[in-house]
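The letters A, B, C and D name the chains in turn, as written, and every chain counts its residues from 1.
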Amino acid sequence: MQVNDMLAVGLNHYLFLSAIIFSIGILTVLLRKNLIVILMGIELMLNAVNLSFIAFSHFSNNANGPVIVFFVMTLAAAEAGVGLALMVTIFKRFKVVDISIFEKLKN
Amino acid sequence: MGSDLVEVLINSVKLVLIFLLMVQLVPILVWVERRGSAFIQNRYGPNRVGPFGLMQLLADAVKFVFKEEFVPGKGHKLIFYAAPVVALIPGALAFAAIPLANTFHLEPFMFLGESWGPYDINFQGYNVGIGIVFILGVSSLGAYALLLAGWGSANKYSLYGALRAVAQMISYELALGLSIVGAILVYNTFDFHSIIAQQAGALSFTISGRELGIPFLPNWGIFYQPLGAFLFLVAAFAETNRLPFDLPEAESELIAGFHTEYGGMKMLMFYLGEYGHMLVASALLVTFYFGGYQLPFVSHVMIEDMLKSFGLGINMANVLTAFLFFTVFMIKCLIFLWIYVWVRWTLPRFRYDQLMDLGWKTMLPWALANTIVTAVVVFLARI
Amino acid sequence: MITGYLFYMLAFLLILFSLGVLMHSSPLFSSLNLVGSMIVLSAMYYLLQVPFIAAVQLIVYAGAVMVLFVMVMMMFDLKHEIKIFSGGFISNAIKCGLAGFFAFTIGATAFMSTEMISGSAKVKTEVLSVKSMAQLLFKDYLIEFEVLGVILLLVAVGAVALSRIKGGTHAS
Amino acid sequence: MEELVPIIALGGFVALFGTAIVVVTSLIGPKPKQNDVKDEAYECGIPGQFSGHSKVPVKYYLTAILFILFDIEIIFMYPWAVTFGDSITEGYGLQFLAAMGVFIFIFIFGLFWEVKSKALEWE
């Protein structure tokens, strides 16, 4: 009985997992210095939100969630593409991919 | 994985056997490749060890095991060792999703003093339902093995070979993915079983309510999607880095490409991955355009009935029929694998810019045109 | 039953890989960890009975976006960073605290509303068909779908324009 | 989903198989003798020149980015292709055809622009 209670996975389990992943994504964005890793943190946050969309749609019997996830994936890919294009340009100019480059933008 | 012990057992054994089938096919394919190229070039090829040189593979395998272990000095050890293992996984996962024979039915039978069954057993590793999309997804992971190998060996030729290979793979993945859209429009499903079932019988079209049939041709996808099949074949050649698209391994420019620093068993594992990809591509081609495991005009029920009329039991007849269809499927696959070898010695290698131009400016527009024409024809035929 | 075991296994792996993205000192290994978490997420979508989205996750994220990330990492050949975190100890502690508070809030909300969710939700047993998804995509969300096409076109133009910018001594 | 178990099982089995091969051959095979020249990257005998920052053309990266964008557009065609037949029988086939027609038109326009702008030229 106890084990079965533990193993019955409901919506809140998925939401909790999603919250953890989202927080790790936020921490990656806030703490890391490397710009590309920061971009990866954003991807992680988007994926956490996708997971909660899918979980909601699974537990409420609704097909809207996957469609929105599809859209989010598209936009995330577009964002990653433009973001990495910027990174390559920044790397060419400054030889580093670091948030410290923003201090050099003054002059 | 199954509801009781026997089903779980059958499914597990099936998974391992399908993987071993893939692994075992590789030495045979290497032999076919070496003998075949020798045949095309009018020489003997390996013919000393065993009959027709068949034992050469065994000798090679033993040699591979006793090769010296080597990691380049500047290389990254973990990544260097991980790359060949990663190379194995996509091919194996993709191949296990393809049905190799018809689903057969087992009546209840006695085993270990208990009665088990009835079962319906798929002749495939697992039935994912979204078939082709799953395979596209899994095989798109193949790029990592190349990238890891190229970066892990800390050799500029390896890195360049890997980058070239990845750029080529992803360019042709577009054409590959788009060439299948036409077939999906015709079949209206992702599921392999359903696709194969729709290719049974003789060729017949339904155009705005009227039935047109060509009784002497099988109802195979190739007759609906000839351009799609051709584009798929070409894109599959490029995906597997085979000649004439083997730019990543162009030995005159890049030594041996991404596996320059690899030797022994690790090198062999890259070969396993590459031949696994070839096998998956051939199996997909057979499934989509050449009727899958089916014999033309013959359904599995007919063969089962025939076997039963010879006095075989129901279970025995069903199992034998499944194995017959499995043989048919493998023969069809081997024909396409032979085409791989054949083309290798027929067409010269492309230049890199020609390769990219072919992928982006020729194959992609043609695949797009194929999709549009198919959609319009399907619309006009069904309205 | 088996779903529960699978969920906990995948959740453990997912958190492990995500922490790897956050903590690993080499950006290349961070990106490889992100690849791992994408693959685990795809398995989790499969568990949630949306196999098509799971496959798309593999194709788009693991097979395309992350290949680009890893490729760029390898091109730059970034070394292990000695100092991987920005800012000082106090500001980082505040950031960690805020993120932890955020996770706690959502988690607490999720657990307090257990009754409501499990009471009202009827768990779906059949697989979400691609057809019902396509109905929504091409009828209800038609405008958004076409706009996405235009956005993808704009991004393609933008990426080409950005890559044309001259600067530095890097080979172009 | 039940089918996840065999997929994970097969993936794990293959990974274990590969790791076992790598480990066993490294145990069986002769141990390498340490040698500075041997540790160098193989470059056909000339002294190695691999430096950390090798200059990789941005071209590869641009190809990868264009691949992502076109790949997503192709992925959008899959659910459409699967549903198209049913949509005709249910009477809104023309609407589906028009929806994808506009999308494919944008696709073709993008491809045409890329070819025109020489973003896909390899020297």
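Keep in mind that, in the parts below, contacts are C-beta pairs under 8 Å (C-beta built on N, C-alpha and C of every residue); 3 or more make two chains touch, one makes a residue touch a chain.
Everything quoted here is computed from the prediction, not taken from an experiment.
Undergrad: Can you give the whole-Å distance between the Cα centres of subunit B and subunit D?
TA: Going by mean C-alpha positions, subunit B sits 17 Å from subunit D.
Undergrad: Need the CA-centroid distance for the pair subunit A / subunit B, whole Å please.
TA: Chain centroid spacing, subunit A to subunit B, equals 34 Å.
Undergrad: Indicate the whole-number Å distance between the mean C-alpha point of subunit A and the mean C-alpha point of subunit C.
TA: Chain centroid spacing, subunit A to subunit C, equals 4 Å.
Undergrad: Report the inter-chain centroid distance for subunit B and subunit C in whole angstrom, where each centroid is the mean of the CA atoms.
TA: Roughly 30 Å separates the two chain centres.
Undergrad: Return the residues of subunit A touching two or more other chains; collapse runs of consecutive numbers into ranges.
TA: Within subunit A, the residues that touch at least two other chains are 70, 73-74, 77-78, 80-81, 84-85, 88.
Undergrad: Would you give the residues of subunit C that are in contact with at least 2 other chains, written as numbers and ranges?
TA: Counting only residues that touch two or more other chains, subunit C contributes 3, 49, 51-52, 56-57, 59-60, 64-65, 67-68, 71-72, 74, 76, 127, 130, 133, 135, 137, 148, 152, 155, 159, 163, 170.
Undergrad: Scan subunit D for residues touching two or more other chains and write them down.
TA: Residues 2-3, 5, 7, 54, 56, 58, 60-61, 64-65, 67-69, 71-72, 75-76, 78, 82, 86, 100, 107, 114 of subunit D touch two or more partner chains.
Undergrad: So how do the chains connect up here, line, ring, star, complete, or something else (other)?
TA: Its topology fits none of the listed shapes; call it other.
Undergrad: Provide the full list of chain pairs in touch.
TA: A-C, A-D, B-C, B-D, C-D
Undergrad: Please name which positions on subunit D make contact with subunit C in the complex.
TA: Those in contact with subunit C are residues 1-5, 7-8, 52-58, 60-62, 64-69, 71-73, 75-76, 78-80, 82-83, 86, 92, 95-96, 99-100, 102-103, 106-107, 109-110, 113-114, 117, 119.
Undergrad: Any idea which subunit A residues touch subunit D in the complex?
TA: 70, 73-74, 77-78, 80-81, 84-85, 88
Undergrad: Going by the contact rule at the top, pick out the subunit C residues touching subunit A in the complex.
TA: 1, 3-5, 7-8, 11, 14-15, 18-19, 21-22, 27, 30-31, 34, 37-38, 41, 44-45, 48-50, 52-53, 56-57, 60-61, 64-65, 68-69, 72-73, 76, 78, 81, 83-87, 92, 95-96, 99-100, 102-103, 106-107, 110-111, 113-114, 117-118, 121-124, 128, 132-133, 135-137, 141, 144, 148, 151-152, 155, 158-159, 162-163, 165, 167-168, 170
Undergrad: Applying the document's contact rule, which stretches of subunit D touch subunit B when the two form their complex?
TA: 2-3, 5-7, 9-11, 13-15, 17-19, 21-22, 24-26, 28-32, 36, 38-44, 49-50, 54, 56, 60, 63-64, 67, 70-71, 74-75, 77-78, 81-82, 84-86, 88-89, 93-94, 97, 100, 104, 107-108, 111, 114-115, 120-123
Undergrad: Please give the residue numbers of subunit A that touch subunit C in the complex, ascending.
TA: 4, 6-28, 30-34, 36-37, 39-41, 43-44, 47, 50-51, 54-55, 57-61, 63-64, 66-67, 69-71, 73-78, 80-82, 84-89, 91-95, 97, 99
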